[in-house]
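After this come two complexes, each holding chain A, first together with chain B and then together with chain C.
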Partner chain A sequence: MPEHLTRRGDGRLITMTGKQIKDDLELGSKDAAERAKIPELTGEDLETLYEIIIDANKVVAVKHGCEVVLSADAGGSTFWIDSGTSGLGMPIERSIAQGALSERVLGLDILQFPESDGSFKPAKVIVSYLANVIHNTLHTSISPLEFMAMPNLGYFYKPDGQWPEPISLIREGKNDEARKSMEGAARECHDAIIYVAKHLRRVGVDGINIDTVGAAGDPDFYAALTATESLKKVYPDLAVQMGMATEAVHGFHTELKYAGERLAGMWPHQQLKVAEKAGVDIFGPVINTKPHLTFPWNLSRAVTFTKACVREATIPVHPNMGMGVGGVPMLETPPLDTVTRANKAMIEIAGVDGI
Partner chain B sequence: MELDKLYNAILNQDVEGAVKIAEACLKAGIEPLRALDHASEAIRQVGDLYGRSEIFLPQVVLSAEAIKKVADVLLKKVPRKKRGEKAKFIIGTVEGDIHDIGKSIVATMLEAQGFDVIDLGRDVAAEKFVEAVKKHKPAFVGCSALMTTTAIAQREVIDALKEAGVRDDVKVMVGGGATTELHAKEIGADEWGADAMDAVVKAKRLLASRTCLLKK
Partner chain C sequence: MPIGHLVAGGIGSIRTSGDLIGRMQLQKKMRLPEAKDYVAKKLGVSSIELCDEFTMRKLREKLDIGVITGLPGAAKGLEAKVRIAELLGIKINCVERLEKLSKV
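And then the complex of A and B:
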C-alpha cells in the first residue's frame, strides 16, 4: 500500500498508509464528538479531509471563492519583537510594522496591535503611550485595527497582584477563600479591560481583541465576558473579538455562571454561545494539538470541534490556527505543509469565516 | 452496602461522611484493606471524571482529602508491616517556565492516589531538583514543561541528577503540553505522562516494577 508523508502533532515527519490515515481521521473526530457531545464529521467530510492530507503538493490552498478574512496573532509585531525564540527583531518603527506593513505587505484584513507584555493589566500603566502609537498607526492604515491583550488573571494574584494565589488555596482545601480571590481578581481584570479600552477608543481604535481567554480557568473567562458586556453598553460600535486559550474551560472556581450557564467545562460550541450573549462580534475557538498523536488525528478532531461551533454561530468564527492549536503541530515554527492543510480544512469543511 | 456508601461519599467529596462510613465499615467487621480498595476505586473514578472535564480541581482535592482521612481511619486497624509506605514524588516546573497549573493538577492527582508529593513549584533550576532528591530521597522526580522552548530544560535536570550521582536512585517522569513519549526517551527519562491521570497510572506501574526489582 502506498505511503503518504505527513507529520505527528510535534511536527516530526512520518509516513502513513491511506488506511492508517483514514483510521486516525475517524478516531480524531470520534474523540471530539464524545468529549463535547457533538456530531462526528460526515463520511463526505472525512473523504475531503483525507484528500487534503494526502495531496502531493507541499503547500495547498483553498478553492477560488473560498478565501476568508485573515488576521495574525499580534499582527506585524513579528517584525519588531525579538523574544529570544521568535520574532525578527528588526529596527523598525512600531506603527509602521503594526499598520502599513501588516496591511500592505502581509495582506492582513484585521490588524492586531498587541500590548508588548500581552496583558491588559500592564497596558493600564502605558495606555497613553499605546494610544499615541495606535493613533499614528491608524493614520497609516485602512484595515480595522484592534488592540489586543490577554485577561491573564495570573497578574492579579500574588505576588504580582493583591489577591491570594487560588490554586494553592484549592490544594489546601480552602475553596471558599479561593473563590473569593478569583472573584476579586476577575472584577479587577474587568476594570482593567474597560480602562484600557476607554482610553484607546478615544483615539479611534476599531476593536478590542481579548485574547487567550480562559488561560486561568473559568474566572478568566468570566472576566472577559463581563468586560465585553460592559464595553458594549458604553461603546456599542466598538468591535470585540474573543480568542480562547484552550478547548475546554478549566474549572477552578467551578460555580461561576454567565447568562445562567456554568462556565467550567464548556466546550467551544458552548463557549461561543455565552460569548454571543455577552456581545462578542468575532469568536476564536481553540482546539489543542496533542503532540504525540498524528496530524490527521489532530486535524480531524480540531475540525469536528470547530464545525460544531460554526453550526451554532450567529457571529463570525475565526479559529486560532497557530503553533499547537487548530490541528497545527506544536512546533516553534509550524511546518507550512500542515499549516496550509489545516487552514484549508477549517475553511472548506468546518466553514469558518476567518483565520 | 457500607462499601458502596464509602465509594459514593468519596466520589461526592463528602469528607466527613466518608470518615463516618469508614468507621461504620470497621464496626461492621469489614476487612480494612478491602474497604480501602473500594475507596481507591472511587478515586480512580474521580480521575476519569476529571479527564472528561466533568469535575474539576476543587472537587478532586476534596475527594483526595476524603480518601486520606478514610485511609487514616482504616489503616489504624492494619498491622504496620502490612501497610506499606507512601512513595515520595518530587515535582516541579523546570527553570524558565512559569506555567504552574498543569504541574499542580498532576501533583494533586498523585496525592489523591496516595503518593507523598513534594512540590518544588515553578521555574525550578536543575540544582534545586538535585538538592531535593538528596534531602528527601524520593522514588520519583517529575519535571513539567509547557513550552517547546523549556522542554529542553528537562534534559538538564536529568543531566544534573547524573552528575550528582543520584540518577539511578529515582525514576524520572516528564510531561507537559509540548512533550511527547519520544522526547522523554531522547532525554533519558523513565516515563512520560500524556496528562494527569496518565502520569498517575504510569507512576504506579513504575512503582510496581521498582518494588519487584527491589525484592529481587
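And then the complex of A and C:
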C-alpha cells in the first residue's frame, strides 16, 4: 500500500499508509465525540478529510467562493514579538506592524492590536500609550481594529496581585477561601477589562478581543463573560471577540455559573452558547493539539469539535488555528502543508466563518 | 503563519473585500454567507468576485475606499473608512469621532 507523507502533532515528518490515516481520522473524531457528547464526522466528511490529508501538493487551498475572514490571533505582532510566541523579533514600529503590514502584507481582514505582555492587568498601566498608538493605527489602516489581551487571572493572585493563590489554598483543604479568592480576582479582572476598553473606545477602536479565555480555569472564563456583558451595556457599539484557551474549561472554582450554566467542564459548543448570551460578536473555540499523536488524528478531532460549535452558532465562529491549536502542530514554525490543510478542512468541513 | 491561512483560505483584506466582510461580522454579528451577501449587494458584484483581485482592485479605486497599492491621491486610512461607513450603511467608531470633532 502506498505511503503518504504527513506529520505528527509536534510537526515531525512521518509516513502513513492510507489505512493508517483513515483509522486515525476515525479515532480522532470519535475521541472528540465521546468527550463532548457531539456527533462524529460523517462518512462523507471523513472521506473529504482523507483527500485533503493525502493531497500530493505541499500547499492546498479552498475552492473559489469558500474564502473566509481572517482575524488571526495577535495579527501583525508576529513581526515584533519574541520567539516565545512565534514572533520574528524585528525592530518595527507597532502601528505599522498592526495596521498597514497586517492588512497589506498578511491579508488580515480584522486587525488585532495586542498588549505587549498580552494581559489586561498590565495594559491598565500603559493604557495612555496604547491609546496613542491605537489612535495612530486607526488613522492609517482601513480594516476594523481590535485591542487584544488575555484576562490572565494568574496576575491577580499573589505574588503579582492581591488575592491569595487559590491552588495552594485548595491543597490545604481551604476550598471556601480559594473560591473567595478566585471570585475577587475575577471581579478585579472584570474591572481591568472595562477600564482598558473605556480608554481605547475614546480613540475609536472598533472592538476588544478577549483572548486565551479560561487559561486560569472557570473564574477566568467568568471574568471574560461578565466583562463582555458590562461592555455591551455601556458601549453597545464596541465589538467583542472572544478566543478561548483550551477545548474544555478547567474547573478550579467549579461552582461558578453564567446565565444559569455551570462553566467548569464546558466544551466548545457549550462555551459558545454562554458567550452568545453575554453579547460576544465573534467566538473563537480552541482545540488543543496532542503532539505525540498524528496530524490526521488531531485535525479530525479539531474539526469534529469545531463543526459541532459552528452548527449551534448564531454568531460568527473563528477557531484559533495557530501553533498547537485547531489541528495545527505544536511547533514554533508550523509547517505550511499542515496549516493549509487544517485551514481547508475547517472551512470546507466544519463550515467556519473565519479563522 | 498568517500567510499560510491567507493563501489557503483568506479573502485578502483590502486586496479584495475582506475588510468589508470582516466589518459586517464584527459589527453586526453576521455569519459568513450573510456578510458576503450583504457586501456583494452593496458593491454590485457576485460572491466569487468579492475575492477576485481583478474585480476588486478596479472597484475599490472607483469607489475610492482604499486600495492596496500606493496609488497617489487615493483615499487612505481614515479617509477610506469615512467612505466605507457610507457605502455599507454602518457606523464606524473612529469615523464617528472624526465627524464629532470636525463640527467646529
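Note that the second predicted complex is superposed on the first by the 350 of 355 C-alpha atoms of A that agree within 3 Å, B and C clash if a C-alpha of one lies under 4 Å from a C-alpha of the other, contacts with A are read in each partner's own complex, and residues count from 1 in each chain.
FYI, contacts are C-beta pairs under 8 Å (C-beta built on N, C-alpha and C of every residue); 3 or more make two chains touch, one makes a residue touch a chain.
As the structure is a prediction and not an experimental result, all values here were calculated from the model.
Considered on the superposed chain A, chain B and chain C are sterically compatible, since they fit side by side. Legend: residue contacts after superposition of the two complexes on their common chain; A:269 is shown touching neither chain B nor chain C. Contacts of A:248 after superposition: chain B is touched, whereas chain C is not reached. With both structures placed on the common chain, the touch criterion links A:140 to chain C but leaves chain B unconnected.
In the overlay built on the shared chain, the residue A:121 is in contact with neither chain B nor chain C. By the touch criterion defined above, A:354 lies against chain C but remains apart from chain B after alignment on the C-alpha atoms of chain A. Touch criterion not met for A:301: it reaches neither chain B nor chain C. More residues of chain A lie in contact with C than with the other chain of the pair chain B and chain C. Contact with chain C, but none with chain B, is seen for A:322 once the two complexes are overlaid on the shared chain. Touch criterion met: A:205 reaches chain C, while chain B stays clear of it.
Judged by the touch definition given at the top, the superposed model places A:69 against chain C, while chain B stays out of reach.
Between chain B and chain C, the shortest distance over C-alpha atoms in the superposed arrangement works out to 17 Å. The contact surfaces that chain B and chain C form on chain A in the two complexes overlap at residues 323. The residues of chain A lying in touch with chain C in their complex are 59-62, 64-72, 75, 78, 86, 102-104, 106-110, 138-144, 146, 201, 203-207, 237-239, 241, 281-282, 313-316, 321-323, 328, 334, 336, 339-340, 343-344, 347, 352-355. For chain A in complex with chain B, the residues that touch the partner chain are 8-10, 12, 35, 85, 167, 170-171, 173, 175, 178, 216-217, 248, 250-252, 254, 264-265, 267, 288, 290-292, 323-324, 330-332.
By the touch criterion stated above, chain C contacts chain A in their complex at residues 1-15, 18-19, 21-23, 25-27, 29-32, 35, 47-48, 51, 65-66, 68, 76-78, 80-81, 84, 91-98.
Residues of chain B touching chain A in their complex: 52-59, 61-62, 65, 100-101, 104, 107-108, 148-149, 177-183, 194.
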